[in-house]
Structures are given as structure tokens and as C-alpha cells.
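Below are two complexes that have subunit A in common, paired first with subunit B and then with subunit C.
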Partner chain A sequence: MLAYVVRRLGFLVLVAVVVSFITFAFMRLAPGDPAELIAIGRFGEHVTEAQVEQVRQQEGLEAPLPVQYVRWGARAARGDLGRSLVSGEPAAAEILGRLPATVELAVAALLVSLLLGVPVGTVCASHRGRPLDVAARGGALLGVSVPNFWLALLLILVFSLWLGWLPSYGSGGLARLVLPAVTLGTGMAALTTRVMRSGAVEVLSRPYIRAARARGLSERTILWKHALKNSLIPTVTVLGLQFGRVLEGAVIVEAVFGRPGIGRLLVNSVYARDFAVVQGCVLLFAGVYVLVNLLVDVVYAWLDPRIHYGAGGAGA
Partner chain B sequence: MHEFVTGAARRAMPLLSGLRRMAGRVDGALGCVLLCGVLAAAVLGPLAAPNDPAADEVSRRLQPPSVRYPLGTDELGRCVLSRLLVGTRYSVGTGVAIVAVSLLVGAVLGAVAGYAGGAADRLIMGAVDAMLAFPGLVLAIVIAGVLGPSLFNAMLALAAVHWTAYARIARGSVLSARTEPYVEAARALGAGPVRLLVRHILPNCISPLLVMATFGLGHMVLAASALSFLGLGVQAPTPEWGAMLNRGRDFLLVAPHMMTWPGLAITLTVLGFNLTGDALRDAMDVRQPARL
Partner chain C sequence: MRTLPRHAGAQKAKLRTAAGFTAGFALLLAVMALGAGCGPREEVAETLQVGIGTDVEHWSPMQFPDGDARFVWSQVFETLVRLTPELEMVPGLALSWHSPDGGRTWEFRLRPDVRFHNGEPLTAEAVAFSYGPDTYARRTVLGPVESVEVVDELTVRFHLRRPMALPHYLTHVGWPVMSPDGLDREGRPVRPIGTGPFIFESHSRGERIVLRRNPDYREGPAGVERVVFQVIPDAAARLIALQAGELHMAVKVPDADVSRLIEHPAVEVHRVLSTFTDFVQFNTAREPFDDLRVRRAVAHALDTEALVADVLAGVGRAAEGRPLSPVLQYTDVDLVPLRHNLSRARTLLREAGWEVSGGDVAQRDGRPLRVRLLVTQNPNVGAGDRFPIMAEALQAALARVGMQVEVQRLESGAFRRAERAGDFDMLLRTGYYVWGGYPRHFFLHHSANPFSHFADEEYDRLVEDADAAPDEEARRELYHRLQRETMERLPAFYLAHQEKVVAARGNVSGYRISAEGPWLGLHSVTLD
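For the complex of A and B:
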């Protein structure tokens, strides 16, 4: 198990290197002189040739691309991500300051997805093939097909503008969390429902369920007390996958709802070509995503003692 | 009996019968109907549009639906229905182009990795696994934003992220196909590696790739419209659905029709691809996750 965890952490380094190199290469090859952009950030709109040259020397921007990347990587490994072009603050501090709003959103969205997906999926499984099941599966398919930015606008229109029940902008407080979390959570609930349903269908066909029926237990007890727990295992395993959706969704949902989270910081930094912050966000996303998936695998092995990760059985 | 069927026909048969089984299912049929609607709008859009999609007239801006403008007008007085119809080509065409490029690149790299093995395999699949372990849309947003907002850059960014899915499938299929007796036979007859891959192995990997591409089309239509919505894709005045939705944001209360219809168009298109993909996967008996 320990060897497995160590190997997965090694994989995290690989992911971070590949993703940050792609970002790095695109950033540096894109039109526009990075030295000039930094100089503008530092000295104001009107910069002289000399100032640009000075920045180029200071920041080591005259070196070949691979050398620059290695230098950046060495600093990043020590936790120094450089300074934001926009605010002049250290990029790491900037990013960490935005983290709470995104974590809040991610947790709330996962909660919405579980609260919606687990019961619906379970009911579907017990009503397999009947109208309720077909309707819920259709709903789940619709759920993955709806663009979350459209859903966000529809929710704002109905619940903020027409009914006036909930605020549509900013962060802080439960009321401002509801609409973004529902937007993100319903899309994820679609996957939860599917996985939960197939898990429960499988569990319901097992002998111990038949034994429970033979003992005369009510269908309700069998479903919610005997089958539910075992059916949850596949749902737990896709939580890691779901987390990727949260990160992707956060970028869009935070933009629509004006939440000051990492996703919005990333989009704004991309617009401003704030290299240090973009790279920092990308590293954070990579780290969080890989670690969450590792955590899910570990929890999975703990939930189901038949699974153990031996040598050679890697996998992303 | 089956020995007498030619190679090409034998390869085509599971594909054709799979397609037929797919269309015979309720979800497959519904998906096909939706996709036919999308196709019709893409082909006939400019002809069917009741008005000139580019004709702006401030005096009739933000009008609710009427006989003249069935879905209302936008902030510049342009006909929303006409823009929606003409925009089909941009919104769906973008997705088709991304998937076509990704499929080509991914299938070739995946096939090479699976066939060659060794260092090439480790290099390609290392990159694929690393990229699959990162939320793709986030990387695409970074790439598209850095390259500068344009339709082409958005497509490039999404293709740069999307090809990995096909590479993994192609590699797996090639790995399982390369030891098949018919491949051994072709090799014994003196076929070179390129001929083996292109003529004998790849045609047998089509089903899983086709299923993946169907989901991929829905996924990419969604992702491309998301990039346009964020202002990183199609630029004004091109009538693309995501960009139209973005404009509608500022007029939610005054003119909700500006964002309702493009959103519905995206949803129905993506639903069409997802329904078809589901039916196709079950009909062709391809085992793979629905979407990544």
C-alpha cells in the first residue's frame, strides 16, 4: 500500500511537470513580449526600451525556453511561484487567498450531487425498467447535456430576478452559495445517479438480498438498510472523477456568479497574461486533482478489503 | 461459410449491424432524430432563416417574440432565430472539427504506442496519462486564453486536450488485436508495419473509437460553447450559441429569450450526441466509461 502511494505521488510530479510545461510553452510562445508585459506591470503604461531590457535581464527572459522552464521549476519546487503581474503580490498568497471560496463551492456541489444522486439512483434500481426509472435516467442524461453556464443563468433568472429569493452575485453566507452549488451539483448528480443505479442493480441481485426477501423483510428495509451501503462503493470511486468536474465547473460557475474563487482568478489571470498566477493555479489544480483521486483510491481499498494495490497494478 | 466473405465486408458487417441495432433502440432513435434536426439546421440554416442574421436596427432592439421575429430580437435588433439557425454551423462545426483532428492524432499516436511498445509507448502514454489526470477544460481555457481569443485558437486548445481519450482507446485496441491470428497471417505474408496497422488492425478498432467520438462530439460542442461563453472563443458578431448566451447575460430580465434559445439549442444538440452514444455503446457491446 505504501509503495502504491509513493508511486502515485511520483505520478503527481509527472502530471505537474507535463501540465506546467504545456502552460509554460504556450505562455512564452504566445504573441506579445513577456518582458514588456512585466515592465508595464512594474513601471506603468509608458515603458522605455531600457526598462524592458532591464526586466529581461532581471527575470532571465533572454535564456532559451527550456532553461527558463527549469529555473521556474526549481523555484516552484521551493514554493516560490513569483509575483503577480497585476497586483504585485506573491502569486502563492494570491492563490491561497482565493482557495476558501472554491473549496466551499466544491464541497457544497458534491453534497448536492450526493443528496440528489444517491436516493434517485437507489429508487431507480428498485424500479428498474419501470416509468420512474426511465424518467430518472432521462433526467440524468439531460443533466449531463445541459451547459452549466446556461443552467446558472436560468436559476438566476427564476430565483433571483423573478422570485427574489436568493442573491445571484458574490460570495459569503449560505444564501450566496445555494445557486452556484445547485448549478454545479445537478450536473454532477447525473453521474452519481447513473453509478448509484448500476451499483444498486448489481447489489440487489446478490444472494444475501434474496435471503433477506425470503426472511420476509419489507422491500423498503431491504433497499435502504441492506442494499444501500454496498451500493455506495462505486459511487465513492467516481467521487474522484467528479472532483475534476467540480474544478472545471468552478471556472465557469464562478465567472457567472462572480465568486472570488480560484476559477475566476485563473480566467482573469489568463486574460491579463499574469504568468505567475496562471502557472500557480494550474499547479494547484493538478495537485488537488491527483491527490483527491489518490485519497479516493485509498478510501476505496479501506471500504472494500478485497482490493489491494500490489506491485505493477498502477493506473491513473 | 464466413471464410468466403471478403475482408472488407467482414469488417463492415459488425459496424453496420451495430448501427442498425443502435437506431432500433428508443434512445438511439431519439438521439438520431435530434441529430438529424441539428444536421438540417446546419445545412439549411442560412436558407431557412426568416431574416438576415446580421441586419441590426437599434429601433427594434430586445423585442419579445413576434410573427416577424419568432424568437425575438437581440441587443442590436438582430433576429434571434436567424442567428440561431446560422450559428449551428459554427457551434456544431467547431465540435466536429475538434473531434476529427483529435481522433486522427489520438488514433495514430495510440496505435503507434500500442504497436511499437517500448520507449515510444512509455513516452506517448506517459503524456496521455498525465493529461488525463488534469481537468481538460481548465487546460483548454489556459491555452485558448494565452493564444488569444479566436475560434481557431479555441479549437486548437480543445483538440490539444481531447486527443488523449482516443489515444488510450486506440492503444488498447491495437494491443489486443496485434496478437490475433489474422494479423499474424498478414505479417507472415510479408505485410509491413504500416500496412498491418492501417489495413488490418485499425479497422477492427473502429467501434470503440466511434462510440468515444460520439460522446466526444457532445462533450466538445459543450466545451467550445463554454469557451465562447467565457469570451475565449468565437468573437462578435459571429452568431455562435455560446457567445449569444454570453450577450444574453446582460439582458436577463429585459430579454430572457436572448439566452433561453441558444441554451436550449446547445442542450438538445449535446443530448442528441449523448443519447446516440449510449445506444451505440450498448448496441456495439463496447465496454467503456460513458465520458471522462
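For the complex of A and C:
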């Protein structure tokens, strides 16, 4: 197991290198001269050629792309992500400063997704084909289809404007977390429900469930005690993938709810061509993605003792 | 034997469990809502909550405060020369100013007894620091300034390379007077220190900026104890927060929401024509817009009144080609507008050799009349959200005279590259070198300007002469001529004068909207 985790962490480094190189290349290959754009940020619209050249030298933008990348990589490995072009602050500090708000949102959204998806999916499975199941599946389809920005505004409209129960923007405190988390969580819950349902349907048809029924166990015990844990495996996999959805959704949800998170920082930085910050954000996203998926695989082993991550990779 | 009843029981049990989960979830939501206290309506009555769209990225005189940062800067910092809401120049930190030599040297006499927020007095030294050679202003618009001389404690003298109406230039809130103590030895901003009605208290990046009242403000302390600028990028969310009473004021109300907000009983909509005008700029260096007749055809093909009424939801005023907003100085109210006239447009195109024969697109020598209109995509920049829909309206209108318009929405870097390469036919823009009442805008079409796509020596000379005019009378005459010439030669066609819209709750009193775009006068605002 340990060897497996170490191997996967080694893989993380590889992912970081590949992802950061792609971002690095795209940010610089996008139309417009980076040196000029930085110079405009620094000196205003009327930049002279001399100022652009000065920036090019200062920022090391005159070197070939691979050289620039290696230089950046060497600094990044020491934890120096460079300075934000917009604020002049270290990029790492900018990103870490926004991290708590996004983590808070992500965890709350996952929680909402699980709290809604697992029970609804399980119940759907045991009511397979019946009206309750059809209704819940319809609801789930609606859930995936509704775009975040629309749902966000709708929730604000109802719960902030009409009912006046919850604040419509900002961060800090549970009240300000509810609407963003529900916005992001319901879309994810839809997927959780569907995956949970098909997992449970599959498990409920297994012989050991039939055996449990034959032994006279109550349907309730069978469903929640024997079937649930095994049905969770696909849901856990999807949960890992859903984490990516959280980060993607955070971009919109943070803008609508005025939350100061990573998603918004990333969007603003892309618009401002704030290379250092974009690079840092993408690196963080990639790292989180890999780590979450690693965590998912470890949780598998706990959920299903038949899965072993030996040095030989058997069963993995 | 017991299967049937058991099954029914299990059904109920499952339903019960599901209901339990759902109820639990609802309970959790309720607890979350209650747990955080009273939520939205907990703020102190003496705190004014203002919703803005973009954050303050820096507090440095070395950079320009972009977007809504200026609304915040204008509370903390002040300028030597101020503008009234009607854009008249009045003394700000300077009591008086004059130029002994027709605009080549300018001397400003500072107001005595003004103190910065850290208690230090305002001196000529601080002014010289604020307009030092490395500052954003000196590197850009104040380029002609050669040096800033400290004459005595309260007198500062600007030496210029060429005559210039300097006081106009010093009204911009983007280059205010700052205390040198606001920066550390390396020139990095540590803490914004100004002389304005509010003192900087705290800044939570991407979230809010908190200011508190300056008890020693020279015009008396402000009407509210605190101002909190809440950064809410989404305009719709900003307006809901205002309607829900979580905000007292919201800036930059989208055009489409104005009429609805006016109906709202608890919200008051403040609107005024601003200094900005939206326009299409032509690439006169290449076909087809190198031909004045084709540019004129565009002018007559576009119905700017319909544009304002239908596309901009009645917000703004049709420009009909007039380059200056009516609120600017030297605006000629007797200009003859370029009226919507489709048959005139078609005739002009025909005269230029573009014939519509069969098909919908006009042709000349077998080539179709196809043009490319560029629009920026950045929603954070000025009219970014309004432009795409305007571009579509232009596209439809020009199709009616046989001009096929391809609209391209580009990110700012790509936009700049296309512009620099001259790879476009029209650009949709707003403002440009516009602040205060002074019509500096005409420099945009000066051939030396990097954003100009027009080269006309006579026009260039006129622009220079107007800016360096020795007296008011001559300046007025020259700017009137420039307006006529601009409509005659059409480096650009002007579509709509923008309106500035600020929405406030009914309990906000004492607010007077200023025509100056980035200005938000909160000093006199009180909460009932």
C-alpha cells in the first residue's frame, strides 16, 4: 500500500510538470506579446518600444520558450511562483490567501451532493422502475442540466430577495456558505444520485443479497447495512471526478456570490494575463486533482477489502 | 408466508428513511441559516454598503487604478483640481493656479492646513512626489511635464515641454495626491494615505474594502461612519443584493435593468449623461473604409436612435455621429447630426462603386463588400458586456445596405494584436482619453497615436492647435471646428452618449451623481 502511494505521488510530479508546461506554453502562445501586455499593465496604454524591451529583459521573456519554462520550473520547485503582475504580491501568497474560501466551498458542496445523492439514489434503486424512482431520476436529469449561474441567481432571488433568509453574497460564516454550496452541490448531487442508484441496483441483484433475504433479514437492514457500503464504490470514484467539477464550478459560483476564491482569481488572472498567478492556480488544481484521486483509490481499499495495491499492482 | 406484509413494511421503512434523510437535509440548511446569526441585516446603521464589480488591485501612484477601483480611490485620495458634478473645475487641494506663459509653466498654490490621514501636513513635496518622473501619470498623459519644482512649502510649479491645459489633466482621480509615507523605501505601497473624506481601514482581497470617516476632513466629517465596498462581480447578483437590502448602493447598473429598478419602491435610480461616447472606429488605411463615401454610408445606414431605444433599453442618448457628450466642455450644440437615411447610404455605396445586383451583398469588380468588426471580450473592461449585442445590431443594420459584417469577439491580447497589425475594418469602442469636461478625446485620431487608424495632416494640426490654444475663446472655436471636421472626415462614427447609472436604497440621502465616470461622491451621503 505504502509503495503504491509513493508511486502515485511520484506520478503527481509528472502530472505537475506536464500540466504546467502546457499552461505555460498556451499562456505565452496566445495572441499578443506578453512583454507588451505586461508593459501596458505597468506603464499604461502608451508603451514605447523601449519600455516593452525593458520588460522583456527584466522578465526573461527574450529567451526561447523551453528555457523560460525551465527557469520558471527551477524557481517553482523552490516554492517561488513569481510575483503577480497585477498586484505585485508573490503569486503563492495570492493563491494561498484565496484557498480557504474555495476549500470551504468545495467541502460544503461535496457534503450537499452526498447528503442528497446517496439516500435518494439508494431509495431509487429499491424502488426501481416505480414512480418514486422515475421522479427522482427526472429530478437528477434536471439537476445536471441546470447551469450553475442560473441556479445561483434563482436561489439568491428566492432565499435572499423574496424570503430574506440568507445573505446573497460574501464569505465567512455558515449563512454565506449555504447558497453557494447548494448551487454547486445540487448539480453534483444529480450525478451522485444516478451513480449511486445504478451501483445499488447492481448490488441488490447479487446472490449475497438474495441470501440475506432468504435468511429473513428485514429489507431495511439489507438495504442500508449490507447493500449501501458496496454500492458506494462507484460513487466514491465519481466523487473524485466531481472534485474537478467543484473547481470548475467555483469559477462561476464565486463570481455570482462575490466569494474571494481561487476560481475567481484564476479568471481575473487569465483576463489580466497574470502569468505567475494563472500558472500557480493551474498547478494547484492539477495537484488537488491527483491527490483527490489518490485518496479515492485508498478509500476503495477500505470499502472493498478485495482490492489490494501491492507492489506488483495486482488488482489495481 | 410473511413475504407480502414484510415487503409492505419494508417499503414503508424505506420511505421513512428517505423522508428522514430529506428532513435531515432541510434541517441542516435551516441550522446553517440560523447558526450564522441574523445574516444580511446585521450591519451597523452607520455603515454604508456599496456594491462594486471589480476589486482594488493596488494603491500605487506607479500604476493606474483599473475598473471600479477608482470609485474607492476617490474616497481616500483627492486631486489638486476638482470637478463639480457638472464637471466645472473648482479648487481641490490647490486653492488657485495660473500659468504666466500661456500654458508652458503652471503654478499651483496649495490649501494650507490640509493634513494627510497619518497626520502629516500636505506640502509641495508630497505633490512633487505624487507627480514624480516614475509615476503612471508622468509616464503617460503628463508626458509633456519636464519637471515638478517645489517653490516653497505650499507652492508647486510644473515645467512643461509644450503648452498644455494642465489643470484639466490634474482632475483625474487615477493620479491623485498621495503621501510619500504610503510607500516603503523600494516604492511598494504599504498603506494608502490620502487627504480624502475617508481613511483606509482594511482590505480583504477579492471581497471588501473598509474605509472609515476622516474626522478632520477639511469640509467637515462625512455623513456615515464607515463605507464598505463589497466586490460582487456579477451585475445581476449585485442588484439583487441591493434589492434585498444588503447593499445601500450599487454602481454600474446594466442598461437592461434600469427600467425595472426604477419601478422598485425601495430603490432610487440616479442617472446622468456621462463623459463617454460609444463609437465605431474605421480602419481608413485599407479598403473599403479608405473611401470616405463608404464611411459616410455606414453613418447613414445606422439608426442610433433605434440603437439606444431598442438595444440599450433607452439608457444613453443617440449621438448621430456627434463625437462629444453634451456634458463636455466646448460641445457644439448646433452640430448637424448624421441622420439615419438608408437610401442615402445606398447611393453613397453605389457612388463608391459597390453595387447590389442580385444576392444581398454589394460587389465591386466581382468582390463582395465584407468587413470585420472587432469587439473586446473582457467583461471587466468598460462596456464589455454591452458591446456584443451592439455589434449584432450594427451587423443587422449594415446588412440592409449590402455590407456583410463579420463580428469577432477577441480577448484583449488578441484584440491588440489584430489592431496593431491593421487586421480589421471596424472597432467598437467607448471613451478613450476622456475624463472631466476636457475633450482630449480627439487625440485618438491624431496620426501619431498608436490607436489611431486615420492619417490626415490637417486634422492632426487642428488637434494640436486646440490643445495648445492660448485662450478660452480660441480654444472653443478650435474645438467646435474639430467636432465638425470629425463628422465630415469620419475617422469614427459616434453611436451613443453613455449614461452613468448608480442605484441606491431609498434610505440613502444626500447623494448627487456626478457626470465624471469614476467619481462617487460619498462625503455628503447619510443613512436614514
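Going forward, the second predicted complex is superposed on the first by the 278 of 316 C-alpha atoms of A that agree within 3 Å, B and C clash if a C-alpha of one lies under 4 Å from a C-alpha of the other, contacts with A are read in each partner's own complex, and residues count from 1 in each chain.
Basically, a contact is a pair of C-beta atoms (placed from the backbone, for glycine too) under 8 Å apart; a residue touches a chain by one contact, two chains touch by 3 or more.
In this text the structure is predicted, and so the values were computed from the model without any measurement.
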{"item": "Subunit C versus subunit B on the shared subunit A, clash or fit after superposition", "value": "clash"}
{"item": "Contacts of A:144 with subunit B and subunit C, given as first, second, both or neither", "value": "first"}
{"item": "First, second, both or neither for A:157, with subunit B first and subunit C second", "value": "both"}
{"item": "Greater subunit A contact set [subunit C / subunit B]", "value": "C"}
{"item": "First (subunit B), second (subunit C), both or neither touched by A:251", "value": "first"}
{"item": "Partner chain in contact with A:219 - subunit B first, subunit C second, else both or neither", "value": "second"}
{"item": "Which of subunit B and subunit C A:26 touches, first, second, both or neither", "value": "first"}
{"item": "First, second, both or neither for A:227, with subunit B first and subunit C second", "value": "neither"}
{"item": "Which of subunit B and subunit C A:266 touches, first, second, both or neither", "value": "first"}
{"item": "Partner chain in contact with A:296 - subunit B first, subunit C second, else both or neither", "value": "neither"}
{"item": "Subunit C-contacting residues of subunit A that also contact subunit B", "value": "30-31, 149, 153, 156-157, 161, 255-256, 271, 273"}
{"item": "Sites on subunit A touched by subunit B in the complex", "value": "11, 14-15, 17-19, 22-23, 26-27, 30-31, 141-142, 144-147, 149-150, 153-154, 156-157, 161, 191, 194, 241, 244-245, 247-248, 251-252, 255-256, 266-267, 270-271, 273, 278, 282, 285-286, 289-290, 293, 316"}
{"item": "Interfacial residue positions of subunit B with respect to subunit A in the complex", "value": "126-127, 129-139, 141-143, 145-148, 160, 218, 222, 225-226, 229-230, 232, 242, 245, 248-249, 252-253, 256, 259-260, 262-263, 266-268, 270-271, 274-275, 278, 290-292"}
{"item": "In the complex with subunit C, residue positions of subunit A that touch it", "value": "30-33, 36-37, 41-46, 86-88, 94, 97-98, 115-116, 119-120, 123, 126-127, 149, 152-153, 156-157, 160-161, 164-171, 173-178, 182, 218-220, 223-224, 255-261, 264-265, 268, 271, 273"}
{"item": "Residues of subunit C defined as touching subunit A within the complex", "value": "6-7, 9-11, 13-15, 17-18, 21-22, 24-25, 28-29, 32-33, 35-37, 39-41, 51, 57-58, 60, 62-64, 136, 139-140, 143, 188, 204-208, 230-234, 236-238, 240-241, 243-246, 378, 380, 410-414, 416-418, 450-451"}
